[in-house]
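Alright, structures below, take your time with them.
Below, subunit A partners subunit B and then partners subunit C, in two separate complexes.
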Partner chain A sequence: MKATIERATLLRCLSHVQSVVERRNTIPILSNVLIDAAETGSLKVMATDLDLQVVENMSAASVDTPGAITVSAHLLFDIARKLPDGSQVSLDAADGRMTVKAGRSRFSLPTLPRDDFPMIVEGDLPTKFELPAKTLAELIDRTRFAISTEETRYYLNGIFLHVSDEDRPLLKAAATDGHRLARFTLDRPDGADGMPDVIVPRKAVAELRKLLEESLDGHVQIDLSASKIRFTLGGEGGVVLTSKLIDGTFPDYSRVIPTGNDKLLRLDPRSFYEAVDRVATIATEKTRAVKMGLDKDKVTLSVTSPDNGTAAEELAAEYGADNLEIGFNANYLKDILSQIDSDNVELHLADAGAPTLIRKDDKASALYVLMPMRV
Partner chain B sequence: MSYLIAGMAAHDDEPDCDLQDETGEDTPGLRKIIHVDMDAFFASVEQRDNPDLRGRPVAVGGSSGRGVVAAASYEAREFGVKSAMPSVTAKRLCPDLVFCKSRFDVYREVSGQIRDVFRYHTDLVEPLSLDEAFLDVTEDRHGIGSATNIAQVIRRQIRETTQLTASAGVSYNKFLAKLASDQNKPDGLCVIRPGEGASFVAGLPIRRFHGVGPRAEEKMNRLGIATGADLVAKDIAFLRANFGSFADYLYRAARGIDLRPVRSNRIRKSVGGERTFHDDISSGPLLRETLHNIVDIVWERIERAEAKGRTVTLKVKYNDFQISSHARTLSSVVADKAQFTAIGLGLLEEMLPLPRPIRLMGMTLSKLEGVPKKKVRHDDPQLSLL
Partner chain C sequence: MPQIRRLPETLINRIAAGEVVERPASALKELVENAIDAGSTRIGVNLVDGGLGGIEVSDDGCGMDPAEMALALERHATSKLPESLIGEAGAIEQVRTLGFRGEALPSIASVSRLTIESRPRDAESGWRKRIDHGELIENAPCAIPPGTRIRMEGLFDKLPARRKFLRTPRSEYAACLDVVRRLAMTRTDIAVTLDHGERRVLAVQAGEDLAERAAQIVTRELKENGVGIEFERPTETGELIRLTGIAGLPTYNRGVADHQYLFVNGRPVKDRLLIGAVRGAYSDMLARDRHAVLALFLELPAEDVDVNVHPAKTEVRFRDAAGVRGFIVSGLRRALASGDKRSAQGPDRSAMDRWQREPVEQPAAMRSIFAGSGWTPPAGNMARVQAYMRSDEADGEVLAMPQGRAETPMDEERPSPSYPLGIARGQVAQTYIVAEAEDGLVLVDQHAAHERLVLERLKAAGAEEAVSRSQALLMPEVVELDEPACDRLEEAIDTLAQHGLVIERFGPGAMLVRATPHALRNGDLAKLLEDIDDDLAKHGTALLLGEKLDLVLATMACHGSVRAGRNLTVAEMNALLREMERTPRSGQCNHGRPTWVKLSMDDVEKLFGRH
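So, the complex of A and B:
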């Protein structure tokens, strides 16, 4: 294989795929990217961790000898990063090495044969639909913070996507770590009818979100089966992300969304966020609870720490129900409030031991449920 | 059987510390011991989490030149693939073998789940590794009725919580319980009842005895010992003359006797880790970089164990397999990762220049002080949604 490519193109492409590659690998070839130069003058770059693979096409300045080879992802990325802007990079693989040349720099890197490079077998992906990249990005932003990192309940380590028929056909995304839940709802796109319930793993979500950032104006083609999902993004050459799905059953989360919470609190999410953040200054890892005292049109936030003393702040709010004291993890509260993009947030409360529903208003696509802390 | 045990305990005068602290004062009758062993644990976890691997020969471990098989699925074992076998050999025996990188975080989580199952039944749990443990269920905390029933309940609970199978051996001592769990693997149960121990052991090839490896087996074969029965026929003097300190264990084992109690309070003495390289290393910069990588791995373990220790040991294995280690002990515990790294680098400097390239490097933190127990979560003020 021999090809020449612009440094900027190479760098952009490698920056997309290299984060898929795990830093430590017991299987050496998983540290590598596959580079495949076609006669047509396009260069395909591919990275995988066996659960997730990203393939990107870029146009080469020239392809002298078509062919494919694998080389260390992080080395090539670091080299591309350090090469001077505007340089032309030549990649030449022969005899188990790849020579990378640009200007006066010359690197000779060990390679592994392309035939050993594992590919995810996609199989048939019968469900096909399209979403605006912006919508998909919002779906991820509104839900991903609630994804569990606890490996015991592996089926919570991703975003759950499923279709549902209520007053109109919907596509719903949900994530929970057992303490809080985030749900995002959108009108069901054409082609998503009959889609199997799937759980998209956290790493795939993170990689996809990064890729979306660069093509927010376009559309994303989504193809899936019960075990695999593929996202195809437009842009120059295009990027294809294929991931295995989490093989598990997401809990029936609808039963934890409260419907009869009769105490309604309305306030400005930004000042609420800032006040929580201020009083939480003295909270420690052990006492991260912030207590909320609700009185007529007033919220009193307070934190008591055995080591750091106490903090309190009063906030104006709209509240007319019975007085209530309830505690929440300050960080969980902040995570949710930072997703509310409005001058108004609604908290629907029942009591100090029951789930609280949080949303912008009853028309919002996003809905959050937060479980209190004992204080 | 109980006569034999009492007899053994009475004339036992050897200074084995295992025997010293188990006078059995609180267990006048026979104990009820269960040995639980997960089936092809690491490989089964991989097959559970990745449906593509089910029904296929799977090995967990590195597939490269110096990788070894950490665990093999039953499909792989049919080809003769075994744990601790070099991956190259395994691949030759079974060309379709699928290698998975090990995911110890997941194995540890599952291990925690099965230990929770064990602790539901008894506090007398002695873990031997992530996937096996001895349990003393003499007390029958939940009134399940018999040790055999408890073993079945445990196997069912493990299957329900982890979707994995375990085999269990039930008997009146650890030695027999462990032999029994191995008897009907996978997903099996075997019970050796009081009175059956001696005859069970008599029929066993001596290789199945815990502690008898290939070398001891060879020696025994030379001495005409092939089975438990052959071993019973030898008197203690003969065994002592030929096997030294191993003799007393063999004497008792051959009679199905094992007086060691289930020890639930294993205390960790050190936390460490090591890595074997693809290619031997000799250059200084590369050695230092490698040390940083090892610090990353080991410090994470230290943090997870919440261990505080005063001695840092750096170990290397040269390309001729000779091992060398340097250690430094501080007057107070190692405070943080930076200090741990600095001490490691200092120890490395002491070893330079290396006489030969090295193939392995490892670091250990020892002289641990008051390793705290894992925090109990039951008083978590955060309420749960699911």
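So, the complex of A and C:
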């Protein structure tokens, strides 16, 4: 294989794929990216961690000899990063080495044969639909903070996507870590009917979100089966992200979304967030509980810490129900409040031990449920 | 068709013997208990081959006449239940002697060759009976001082199946020694000797005080590293429940729990409730795999405890188990809180041996980088000190460079008895505080000490409650466990809820977790419940959750405390020492290592051969 490519193109392309590659691998070839130069003058770059693969096409300045080779992803990325801007990079693979030349720099890197490079077998992906990149990005932003990191409950380690028919056909995304739940609802796109329930793993969500950042104006084509999902992004040359799905059953979360919470609290999410953040200053790492005292049109936030004393702050709010005291993990509360992009947030409460529903208003597509803490 | 027949008496006795006598040590236990119950003041025990060859127990107790001896060899015959009580339903509950079942002697007689010689105090002569596996082979007068002598030989000779399961003489001897030790500890008014073959293993005098006897029997260091316990509280019925004994300081710990001697109403027991209570009392002062050394005597009204649980009587049952546990824990903790401030605590012997007297070779890394580069050390004191330090360099050996830093004391403070930890004199290796007390030299590990102080302060401020605040689960988690495990957990629901773990029963073989302690919210719940259940099964009490939360606190304390490697000023060091004196249980870190050691002036003088 021998090809020449512009440094900026190479760098952009490698920056997309290299984060898929884990820093430490027991299988050597997983540290590598596959570079495939076609006669048509385009270069395909591919990286995988066996569960997730990203393929990106870029146009080369010239392809002298078509062929494919694998080389260390992080190494090549670091080299591309440090080369002078505007230089032409020539990649030449021969005799088990790849020579990288740009200007007066020369690198000779070890390679591994392309035939050993693992590919995810996609199989048949019967469900196909399209979403605006912006919508998909919002769906991810609103839910991903609630994804569990606990490996023992692996089926919570991702975003759950499913379709449902209520008064209109819907596509719903949900994530939970057992203490809080985030759900995002949108109108069902064409082609999503009969979609199987799937859980998209955390790492795929993170990589996808990064790729979306660069093509927010376009559309994303989504193809999926019960075990695999593929996202095809537009942009120059196009990026394809294929991921295995989490093989597990997401719990029936609809049961935990409270419907009969009659105590309604309305206030400004930004000042609420700041107040929680302020009083939580004295909370220590292990005791992040903030207590909310609800009176008529007033909320009193307070924190007691065994070694740092106490803090309290009063907030104006709209509240008319019976007085109530309830505690929450300050971080959980802040995570949710930072998702509300409005001047108003609604908290539907029942009592100090029951789940609390949080949303912008009754038309909002995002909805959050938070379990209280005993304080 | 098989016929149902009544078994012969000897066979019945052998079957019964299986329960009471399983190895020489259990036979020995019965014989020594008999001797104690006979009101002896002197008991001698003689073992041959760890008890496999033979056991002889002689005492100067009340003795038996020939007719009583014959009766004693029958099953369920005993002098230990007073006439007045027999026939009463509650007789067993009133027992104050060690034995009462009347089974031991016939059981032993049915599985060995037994010789009993006895003479009541007022009798002219003694009488001897020899029984070979249940059959009387000699019945004659003999010469013996007042008292009883029993010799057991050839245990299980006619029961090869049992004989096969006996261990080596060495391990049978260890079991026998343990039995004698435990019994000897119960009664300080009895002199006990133990000979193994030709060797005298144990000899304790009558009339010693308890601490001394425990020290002699357990280990000499216990007396120096232990605190006496004297704690009592009236029960609901108005009678007293009393805890006495000697408890080792947490810093004086062992890797196995063998050195815990527990007694209930003078009866040595191995009861999991008591073991659990001891662990609870020492929790957060000892690492999980270390065990305290102690001898505890619990006295409570006889009707509040049932000793008739097992023929060997090593297990007991309490009417108010939780109350007894709480009583032991609070008694122990109170003693430990007051006891670790004593100035008599000396370094243990091995630490003394580690003092080096020889000049040590200078490590290569410590050579000055300026050596040989034409650099001259600044004139003055420093130069002279260095010249002195290097004066032996020709020999290749120099004194170690001092790593410490001496500061001029702020004011001239003199050690006084009101400061048992002394006045700080400096810091060594930025880790250890050197202080001068009135009676010696004190070394303090600044990190361990401060960590402990922070932990005690956190606890005093209610941090335990804070870390165990429970975070409710959005979706209750079902954890499947086997049924007995669920039953155990169900019983502990209230205790666990206090620590923030809210669970409930979910069908016969599962538990439902509704809320977890905030600090443990990201753990594996199934694993947590399993571990708690194992703990419940082993100790009968859910200490584990509290211990896990203590660990969280300990981590908080660790992050919030002065690290090793930080320079402290004399004022800071003195403040630390004063706070250690004020804070209970500051003598050990959270893992049972000492936070300070004292080298008494005597020991210092010993190091210099001035003694």
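We adopt the following convention: the second predicted complex is superposed on the first by the 375 of 375 C-alpha atoms of A that agree within 3 Å, B and C clash if a C-alpha of one lies under 4 Å from a C-alpha of the other, contacts with A are read in each partner's own complex, and residues count from 1 in each chain.
Just so it is clear, a residue touches a chain if its C-beta (ideal position, glycine included) is under 8 Å from a C-beta of that chain, and two chains touch if they have at least 3 such contacts.
Just so it is clear, the structure is predicted and the values come from calculations on it, not from any experiment.
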Once the two structures are overlaid on subunit A, check if subunit B and subunit C clash or fit side by side.
clash
Classify the contacts of A:R168 with the two partner chains as first (subunit B alone), second (subunit C alone), both, or neither.
neither
Per the contact definition in the header, classify A:T176: touching subunit B only (first), subunit C only (second), both, or neither.
both
Which partner chains sit in contact with A:V369 here, subunit B, subunit C, both or neither? Use first/second/both/neither.
both
Is A:S305 touching the first partner subunit B, the second partner subunit C, both, or neither of them?
second
According to the stated criteria, A:R104 is in contact with first (subunit B), second (subunit C), both, or neither; which is it?
neither
Now for A:P28: first (subunit B), second (subunit C), both, or neither, which partner does it touch?
first
Is A:V256 touching anything from subunit B or subunit C once the two structures are fitted on A? First, second, both or neither.
both
Subunit B collision site on subunit C, chosen from 39-47, 165-173, 237-245 or 435-443, when both complexes are overlaid on chain A
165-173
Interface residues of subunit A shared between complexes with subunit B and subunit C
152, 176, 178-181, 251, 253, 256, 289, 327, 329, 353, 355, 369, 371-375
Spell out the residues on subunit B that touch subunit A in their complex, using ranges where they run on.
49-52, 61-64, 67, 99, 101-102, 105-106, 109-110, 112-113, 278, 381-386
Using the touch definition up top, name the residues of subunit A that touch subunit B in the complex.
25-28, 30, 50, 121, 151-152, 154, 176, 178-181, 227, 244, 247, 251, 253, 256, 289, 327, 329, 353, 355, 369, 371-375
Of all residues in subunit A, those that touch subunit C in their complex:
149-150, 152, 176, 178-181, 251, 253, 255-256, 284-289, 304-307, 327, 329, 353, 355, 369, 371-375
Can you check the complex and tell me which residues of subunit C touch subunit A?
457-458, 461-463, 466-467, 469-475, 477, 500, 515, 518-519, 521-522, 524-527, 552, 555-556, 559-560
